[in-house]
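Please see the structure below; I have some questions.
The chains carry the letters A, B, C and D, assigned in the order they are written, with residues numbered from 1 in each.
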Amino acid sequence: MQRNPNHTTICIVEKVIDETPTVRTLVFSDDVMSKVLPGQFAMVWIPGVNELPMSVMISNELGKAAFTVRKHGPASTALFNLKAGQQIGVRGPYGNSFDLKQGKILLVGGGTGLVPMMRLLTFMNPQDDVTVLIGAKTKDEVFFEDLANKLLTKNIHQVIVTTDDGSYGEKGYVTDMVKKLVDVNHYDGVYTCGPEIMMFKTVQYAHSKGLFVQASLERMMKCGVGICGSCCVGEDLVCRDGTVFDGDHLLSNPEFGHFHRNKAGIPEIY
Amino acid sequence: MQRNPNHTTICIVEKVIDETPTVRTLVFSDDVMSKVLPGQFAMVWIPGVNELPMSVMISNELGKAAFTVRKHGPASTALFNLKAGQQIGVRGPYGNSFDLKQGKILLVGGGTGLVPMMRLLTFMNPQDDVTVLIGAKTKDEVFFEDLANKLLTKNIHQVIVTTDDGSYGEKGYVTDMVKKLVDVNHYDGVYTCGPEIMMFKTVQYAHSKGLFVQASLERMMKCGVGICGSCCVGEDLVCRDGTVFDGDHLLSNPEFGHFHRNKAGIPEIY
Amino acid sequence: MEPSISTSVGSINLERPVMLASGILGISLDVFRRLHRNGAGAVVTKSLSKEPWEGYPNPTIFGLKNGGWINAVGLSNPGAPYFAKMIEPNNEIPIIVSLVGSIPEDFEFMIKQFENCKITAYELNLSCPHVAKVGLEVGDDPELVKKIVTVVKNTTKIPIIAKVGLGTTHYLDTVGTAIECGIDAITALNTIRAMAINVDTKRPILSNKYGGLSGPPIKPIALRCVYEISSKYDVPIIGCGGISTWEDAVEFFLAGASAVQIGSAIGDNWIGVFDDINSGIKKYMSENGFSTIREMIGVAKKS
Amino acid sequence: MEPSISTSVGSINLERPVMLASGILGISLDVFRRLHRNGAGAVVTKSLSKEPWEGYPNPTIFGLKNGGWINAVGLSNPGAPYFAKMIEPNNEIPIIVSLVGSIPEDFEFMIKQFENCKITAYELNLSCPHVAKVGLEVGDDPELVKKIVTVVKNTTKIPIIAKVGLGTTHYLDTVGTAIECGIDAITALNTIRAMAINVDTKRPILSNKYGGLSGPPIKPIALRCVYEISSKYDVPIIGCGGISTWEDAVEFFLAGASAVQIGSAIGDNWIGVFDDINSGIKKYMSENGFSTIREMIGVAKKS
């Protein structure tokens, strides 16, 4: 019988990789999750604690997948603290995926928003000329730079890191770098995932240059399947209509870049 | 979505054929029922009246099937009285099917027990030498003789009718003819369906000569799927283990040929 | 002539007979607009309380292997005051406001919030099976039901629907009580209290342990309730529970429902399900000689 | 060491924890023998009445599109006297005799019939949802339940199980009443009252209109009932309702059941389902470090 994606499957954490002091990658075996599309996510159950939406991270081993989690509130911290051998539940994969363009490609990621970007890199064509922008507050928080370079060995590519405090790579906001790049280059596709303000600016800049741009959004999620309504952004449900949306669609959405909803469903300003 | 065989599908009676004064064939369109195996049956709902197990009769038109019903109690009489255009419900097909042998084949049918025999004839190989025995009380009750001949035009074959009163064909019980035939011929397969005493004797005679023989049983049926238990014969459930059983298996069953159960589940003597 | 799928539930007139059930995508006016555009005859809001509620921690919902869902979102909602403000601009969408509370005053307070809104009806949630002190715990108390329905009927002229479920008090008694107090219509059924245990972790999956079963598994039970209510009482009924195809909807009409609500089917089939069901109903009506929904209502009881 | 799947339900000891539920293939000793040989830890007979009953006309059962069954066989059965004679020769199969009746004397009479039989237990059917005057109509009347259980306990020393369902009286109250009167164990759950309407003929499919829903759709509801009973009372529980895999059975053990019964799964998967479930349970126990069923019982309540 085919697995019902909405029913939780238990997986064992097999390996825990420290990415930064506050970010870890948990690797597990699951055929379904190993094959998801970039932008897709899972609902991840930390038994006895909570369940969180998580982008599905790639693994370099066949049949495996991973979650890359930043410790934040109680739920993500519990996930972060799991050890190899412990159980997690997964359901999904949920959501749509990026529309792949060919040619000159720009990826803009911040924090765990890099997770779908890494999976997207595995879908690049050898002919693509790929630029990856990684934004972080400070040196300590930079991760996936090496991984991005490794995934792009067959491509003309550059991986640019920016830190707000200049402790590593280029100094400044990653969106300043986006502006610089789109001012002088044409890109056939711009893809972004990370903090909403970062995505908002990236979409604005790219769109103002007439570039094809897509962003993968995050919202409060309970069901992941378009039932509960908690992930709504204007008329859209992030879990079902997204997480990936076209830039022009997003710019016409009055909530994108401005509001997200809290657990009671009340909009809060970013 | 594939049709759930246990859920009732409504079909329209398209044609009603008088076979004898008390037997009619109702033709309807249904792809699933048109393709059942010989021995399989359907549960037939006469809306507002009852639901009866019925062997699925063949039709000469593609995608069609039929039921051949003898009017007996209220339920079968209601079915018998249906007109073209009226609705019946069908679920199934249920039950197993005959094991086909090749060579010299003997079919022994009585009354509506001829229904699975007719379908079985459509599975004969051109090389088979086929004898069909049709038993009836009297001339008026003979049916399917022409059909049997028609289905066997490509085979060496004979269709022998017996009537108890000798008003048509050979005089005597059909089982006397069975005895006669198996006494002098070897058959590679003997198949029978009809009144239980007829089947019992046929199985006994054929078995005593070491012939491969199978019979398709009838019992009180409510569910048709092995839940309600009403069709039990010894350890066997006719609806699920049968309706077709091997002769040697049947002869070791203490109820075959002797008891059937009434609606309350109490055995009654044949 | 084309059959008409408009219907009325007592004095509530609807252009289309398939509504959004409460708690499904029910917290944003923008989303309501989209659902209405996609065929919903009316939308029922998430059940609202006096104050905003966060609800239970996740997992709050998951799908069962054999179909259907169990949820215990815990009635998370932005609260009636915020909600009233949000829907004030609405003029075109038939909105039914679902309310939960523990005492008559809760309901009175909430209804006052909506004074400046165009509301099609209120639906009293007497049947949420997994939150303490509200929902079923209210529905299970006949005296409280009496008080609440009476107070609500005195507070507003807008039609009041009571939504019932399977609790410790038999739902038919609750329906009877509500009718005595002047209820305008009944919605049957809410989710049915249920549980699933994960055998690998050896614990209930939902953070609240118990949740409410919805979707196809409950359809035969909900249908029976509609048939029972319509056999026993003369009250307009909105059928709800496991409806996901036009055939399901028609079964509910034939059993005695004047309109239906769908919830889980949206998770299973997404938003196109409204138009699919509406056009399926229309086709069925043409083929079976019905020109109005009314002609279908309760036909199965006559057989 | 290999885990053992033997279990006990109060004083009822079973070599295997999966029994045949009442009403399924339950009218012939020969068939019981086959089921026992194929893994059933015990067999529960069809519910027996004082006299033979023919039951309702067909259709008495059918399958739902999305899985599960609705039946209203109407408790057709050969009657206790015939049945007692039939099973008298039995020595080796654990047989649990299910009884229905309207008054205490019915039960007394029937138990007397079985004086010369080896009976493992009696199961009182207080929960059939579709026959007048017996089953749920009895279970819904607390005074009658009291009288029946008391009389039965005074008539025989053999363990008595009460089988409950979802009726107009809350099943937890019925369980409480039965416990007060000395019941030895509880079976939860019977089928749930339900209906299906055929839209082409515009009528309910069953001849009795209402029937009982069984199979996968009711599993989450039955599981919740077992969890609720075991959370509230200290009584041995037999889980029943929608169990079709070893995983389902384990869920019921973790929720607090000491054994399980299966019915519809036999229609879905045929008789091999007993051995499949038994061996699945054994494998699960090995992999999860359980050496007895007892260790599993109620574990999910501790989380």
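By definition in this document, contacts are C-beta pairs under 8 Å (C-beta built on N, C-alpha and C of every residue); 3 or more make two chains touch, one makes a residue touch a chain.
In this text, all values refer to a predicted model and were calculated from it rather than measured experimentally.
Novice: Which chains are shared contacts of chain A and chain C?
Specialist: Chains touching both chain A and chain C: none.
Novice: Among all chains, whose Cα centre is located farthest from the one for chain C?
Specialist: Farthest chain from chain C, going by C-alpha centroids: B.
Novice: Centroid from C-alpha atoms only, then distance chain A to chain D, rounded to Å. What do you get?
Specialist: Their C-alpha centroids are separated by 51 Å.
Novice: If you average the CA atoms of chain C and of chain D, how far apart do the two points sit, in angstrom?
Specialist: Roughly 33 Å, centre to centre.
Novice: Need the CA-centroid distance for the pair chain A / chain B, whole Å please.
Specialist: Comparing mean C-alpha positions, chain B is 65 Å from chain A.
Novice: On chain C, where are the residues touching two or more other chains?
Specialist: 64, 67, 201, 203, 303
Novice: Of all the residues in chain A, which ones touch at least 2 other chains?
Specialist: Residue numbers touching two or more other chains: 48.
Novice: What is the shape of the graph in which nodes denote protein chains and edges denote touching chain pairs (line, ring, star, complete, other)?
Specialist: The chain contacts form an open line.
Novice: Sort out which chains touch which and give me every pair.
Specialist: Contacting pairs: A-C, B-D, C-D.
Novice: Sort out for me which residues of chain B touch chain D in the complex.
Specialist: These residues of chain B touch chain D: 4-8, 10, 43, 45, 47-52, 75, 87, 89, 91, 222-223, 225-230, 232, 234-235, 237, 240, 261-266.
Novice: So in the complex, which bits of chain D are touching chain B?
Specialist: 23-28, 30-31, 33-34, 46, 52-55, 57-65, 67, 69, 71, 73, 76-79, 82, 198, 200-201, 203, 205, 207, 263-264, 266-267, 270-271
Novice: Write out the stretch or stretches of chain D touching chain C in their complex.
Specialist: Listed in rising order, the residues are 64, 66-68, 70, 166-170, 172-173, 192-197, 199, 201-204, 209-210, 213, 216-221, 223-224, 227, 247, 250-251, 254-255, 284, 288, 299-300, 303.
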